[in-house]
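By written order: A, B, C, D and E. Residues from 1 in each chain.
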Amino acid sequence: MSSEQDRDIIICRCEDITEREVRECIRRHGLTTVDEVRKILRAGMGLCQGKTCSALVRRILAEETGKKAEDIGLPSARQPAKPVEFGIFLQEGDR
Amino acid sequence: MNYKQSGVLTGEELRLPDNETLCRGKTIIIECVENIPCDPCETSCPKGAITVGGNICNLPKIDYTKCSGCGLCVAVCPGLAIFMAEKSPKGDWAEITIPYELLPHPKNGERVITMDRSGCDVGTGEIVRVTEFKKVQKSRLIVTVRIPAEDLNMVRHFRIAEGNHEQ
Amino acid sequence: MALKINKCDILIIGGGPAGLEAAYHAAKAAPGLKISIVEENFLLGGQLIKQTHSFFGSKNQFAGKRGFEIAELLMDRVRKNPDIDIHLQTSALGCYEGGIVACESMAEGCLKEFQPGRTIVAAGARENMAPFPGNDLPGVFGAGAAQTLMNVYGVLPGRKVVMLGAGNIGLIVSYQLMQAGAEVLAIIEGLPMIGGYHVHAAKIRRMGVPILASHTVVRATGKSTLEEVEVAPIDKNWKIAGESTVFQADTLCLAVGLTPGTELLEQSGCRMAFVKELGGHVAWHNDRMETSRPEILVAGDVSGIEEASTAMLEGKIAGLAAAEGLSGLDLSDEISRAQQELAGIRKGPYGEKACLGKDKLCKLSVR
Amino acid sequence: MKYDAIIIGGGIIGASIAYNLTKQGMRSVAVFEKNYISSGSTGRCGGGIRQQWASPENCKLAVKSVHLFEKLDQELGFDTEYYQGGYLLLAFTDEEVEQFRKNVVMQQGAGVPVRLIGVDEVAAKFPFLDTSDLKAAAHCRTDGHINPMLVNQAYADAAKRNGADIHLFTEVVRIVRDRDRINSVITADVRTFETGVLINAGGGFSAEVAAMAGITIPTRPQRHEILITEPLEKFMDPMVIDFHHHIYFRQTKHGSVVMGYGDPHEPYTHNIQGSLEFLKTMSLMITKVVPAMKKVKIVRQWAGLYNMSPDAQPILGKVPGVSNYYQAVGFSGHGLMLAPAVAELMAELIVTGRTSMDISDLSIDRFAGRTEFKLEKAVV
Amino acid sequence: MRIDKHPVLHFEKGRKVQFYFDGRPMTGHEGEAVTAALHANGVMVLSHSLKRRHPRGLFCAIGKCASCMMRVDGQDNVRTCILPLREGMRIETQEGKGRLK
């Protein structure tokens, strides 16, 4: 098998975090919530703010903790809902 | 394998009209076996030959005595699940009418390769009629293919053989 | 450019089928209410604009019309109403104290603040990702992304395609890919059954596309873009149970479900609940589409994954409920007619999931 | 179940005290955290570590902390992203320059390698700053910053390895006290845990924790808002504080810039909602100081609680009248940077009754009978 | 890979404009998404991931996932899947993080 074929499963595209890393982090620190994985590993902290990976992280957490996916709560949703430049918050004179 | 596994209806799930009905003239065949919320076949039929009823999820019922073979329901069915069939009284040929939304468009007289519900080649056929009900459904052709009578229950699609089509 | 403060009665977040219908019916039922729609894209219509298949349902839900044609109809009647103003390329950034919704107008390069009497969140959903090696290779798309490319912009995503997922989206997009001139090599489905409507499956099967149920994508490979997709049969526990097949493909579309895009609702402090049947976490809401926060309503996929016809009806109900709350008019007859219509199109086996999900929600307390 | 020590609060203070107690030989130690590690103020803070303070007590503690931080990754076996990139304090008025001058002398006396630098040097070394209105700056090269979540987790993990029990998602709802002794705590899931000593490390909720034990302490929660930008290629080393515009900012190892604005008019509440007003103010202030930020994107905003004490300095040690209650509270926004030193000293106090560095100035006794306090001014 | 003929759709395209991808001139249609124009020109790799340097392409196409971040007219981390193409746009593969300028 070539190394290309052996490539990891990407969970968080923005922060380039693999399934193996998520599992290892959960096991090493005994994590049980999506928010903890975010804070420790940065999965879900990237430019899309976890829109793509949170559901996958929840699934892995469920597997690792033996819980049901629905018992693993929502991560905190913080503003802004998408990246936005400082400039738009300035009044005309300050720009 | 049932149709939920394969995507292909088999004899048991199909409710095909009997031979007598088929030989009487154009008859519709509705291959709609699930209770999906949909009723344009009923509302489009000028003869009242198709009934869905009060519950929009009911399966359509056909009154073969009322069907005039106009083909409007073939043009309107969102699921492309209505076909029209006809057998020659002598049983030496049959015609199947198929809704078609692909390019290139088939032309009258063209020979095509006929295909069954799973996309396997059945044989050949000849395009005998190409219509479009523009008011009912834009960009959908209603194509009638003449095929051997014994192929009638199998053929549900066709493809234009490469090199056969004149641009 | 100066900051813009927009006063409005109803703010609708999302200009897809749910949002457009909410705006149209609110404006029609209570003339004079000022309604604003914010839409992130530079086009209205949401996911409808890329639907080329004809819709099910009845006349009221534009049955038989193709999705993009319905989108045009919905847009048209919203545009014609002077009480509705439309902000394209405008994203909602957050819901803040005092009921303020902050938006960024990318077109005008400025902040727009709204302080509406009611907010209808019709923000839709996003496509799920699937975990397999190579899932981030260029050429691996969301099925909706492939659809956007080919049906909105007229650009073919690839020539040889493998589709993962035999739900309605996987089946419909496969058919559309064939229409656009691509070759669909196979549709892969992890479950033992095809999830989508049989008529959609039949359409693509008779064109010769195999649907491999109880199969999964083992890996996607390629140097800098996708070249091969390895597929294998799986057992009930999703373990590999047979030999792999390798497809030479330049495109792999993922149609493995949608997740409601609920960030704004969470931020607003709406009560959230996980309802598997609705696609994940959704905001609690009643049959008038009102959430636990009385000034916030929901409609469409953000309130539970279904399809465009139900989204339109939910939009209508939310629009009417919001208009009723602000205008003091009694719109209960109209609301209950729309509710009955919605119940009608959820009656069949494919509506069961949504009914179950919505029932589960209703049984939870508002808290 | 009985513990020798129970700590309420799994933030940096609670976790580091738990670690130091086990390190100093205490056998059964437990932390009760109502959420998860670093879910409160620690995981929400800016992550700066500085020694430039306006009071000698704070300087002394901070210097000790930096010595401990320097060895911490090795000691805890974890990369906490600790980075000694320095700290730059900006002065925009003559009064500020004068205050800086005095502070620098005092700080140097406390062993802080700090110096006052001129505008030209600032402009040359830190070209991202707009120096047009700047008068001077104070720079300390051994200051720096850390990833708060990682260091908190590292302490908790290390405490666990040493035998401590970390009870997450377990809220203490009652503290059972019999006259001058605390006997036990009761959790929300109605379990009782007896304890030898109780340590209040409740952060933004320290007054509520104390109240459960029938103790009144003068700490109050105050919201502080903060945001983080998209990741940028590295452009700055030091953490920057600007008391004039009430802002601070630093670039994380990841590349994103963390920044906060301390609103001087913020009321005392437990509210930690992010506000639109903060985005506007922060945007205005940061683009004054770093004009190129105009085009940089904000990715996330949030808020946390400063646990304010009357003089903006921590309150450490025991309280009169309760024999086995200890507290490490009221850090007023700088708990993370003092944690290693405070935790070590608190553990000494609890285990031996004595501390290797005098922290009696920081006991609650300092407020007795006083209504006016000398405020630690170097707080944003 | 533009679709010339389609059985259902008729594509109303904006006027042809020139733009630059990593300095190479290309043509696209004004108003279409930048990623669509790139894709039509055979550009599938839009960036490389931050740590592993995996090539990345379009994924969601509706501005949700951040997989299409590129440098546009010098500005980093621009979502190109919801950015309308304009004449003369300079689009670059962004390697690494954004820059403070």
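In this section, a residue touches a chain if its C-beta (ideal position, glycine included) is under 8 Å from a C-beta of that chain, and two chains touch if they have at least 3 such contacts.
Since the model is a prediction, treat every value here as computed from it, not as a measurement.
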item	value
Intersection of the contact lists for chain C and chain E	A, B, D
Greatest separation from chain A - chain, by CA centre	B
Central chain (distance from its CA mean to the mean of all protein CA atoms)	A
Farthest-lying chain, centroid of Cα atoms versus that of chain D	B
For chain C paired with chain D, centre-to-centre distance based on mean C-alpha positions, whole Å	44
Intercentroid distance (Cα basis), chain D paired with chain A, Å	26
Chain A and chain C, separation of their C-alpha mean positions in angstrom	22
Set of chain D residues in contact with two or more other chains	230, 274, 279, 293, 295-297
Residue list for chain C, restricted to those that touch at least two other chains	66, 91, 94, 96, 102, 126, 129, 136, 179, 181, 261
Multi-chain contact sites of chain E, meaning residues that touch two or more partners	6-8, 49-50, 54, 56, 59-60, 63-65, 67, 77
Every chain pair in contact, whichever chains are involved	A-C, A-D, A-E, B-C, B-E, C-D, C-E, D-E
Residues of chain B that touch chain C when the two form their complex	3-9, 31-40, 43-44, 55-57, 76, 78-81, 101-103, 115-120, 136-138, 156-157
Chain C - residues contacting chain B, complex	53-59, 63-64, 66, 69, 166, 178-179, 181, 192-194, 197-209, 211, 213, 309, 344-351
Residue ranges of chain E touching chain A (in the complex, touch as defined)	49-52, 54, 56, 59-60, 63-67, 69, 77
Of chain C, residues touching chain E in the complex	40-42, 52, 66, 68, 89, 91, 126-127, 129, 136-142, 144-145, 148-159, 179-181, 224-225, 261
In the complex with chain E, residue positions of chain A that touch it	7-8, 10, 13-16, 46-48, 51-52, 82-83
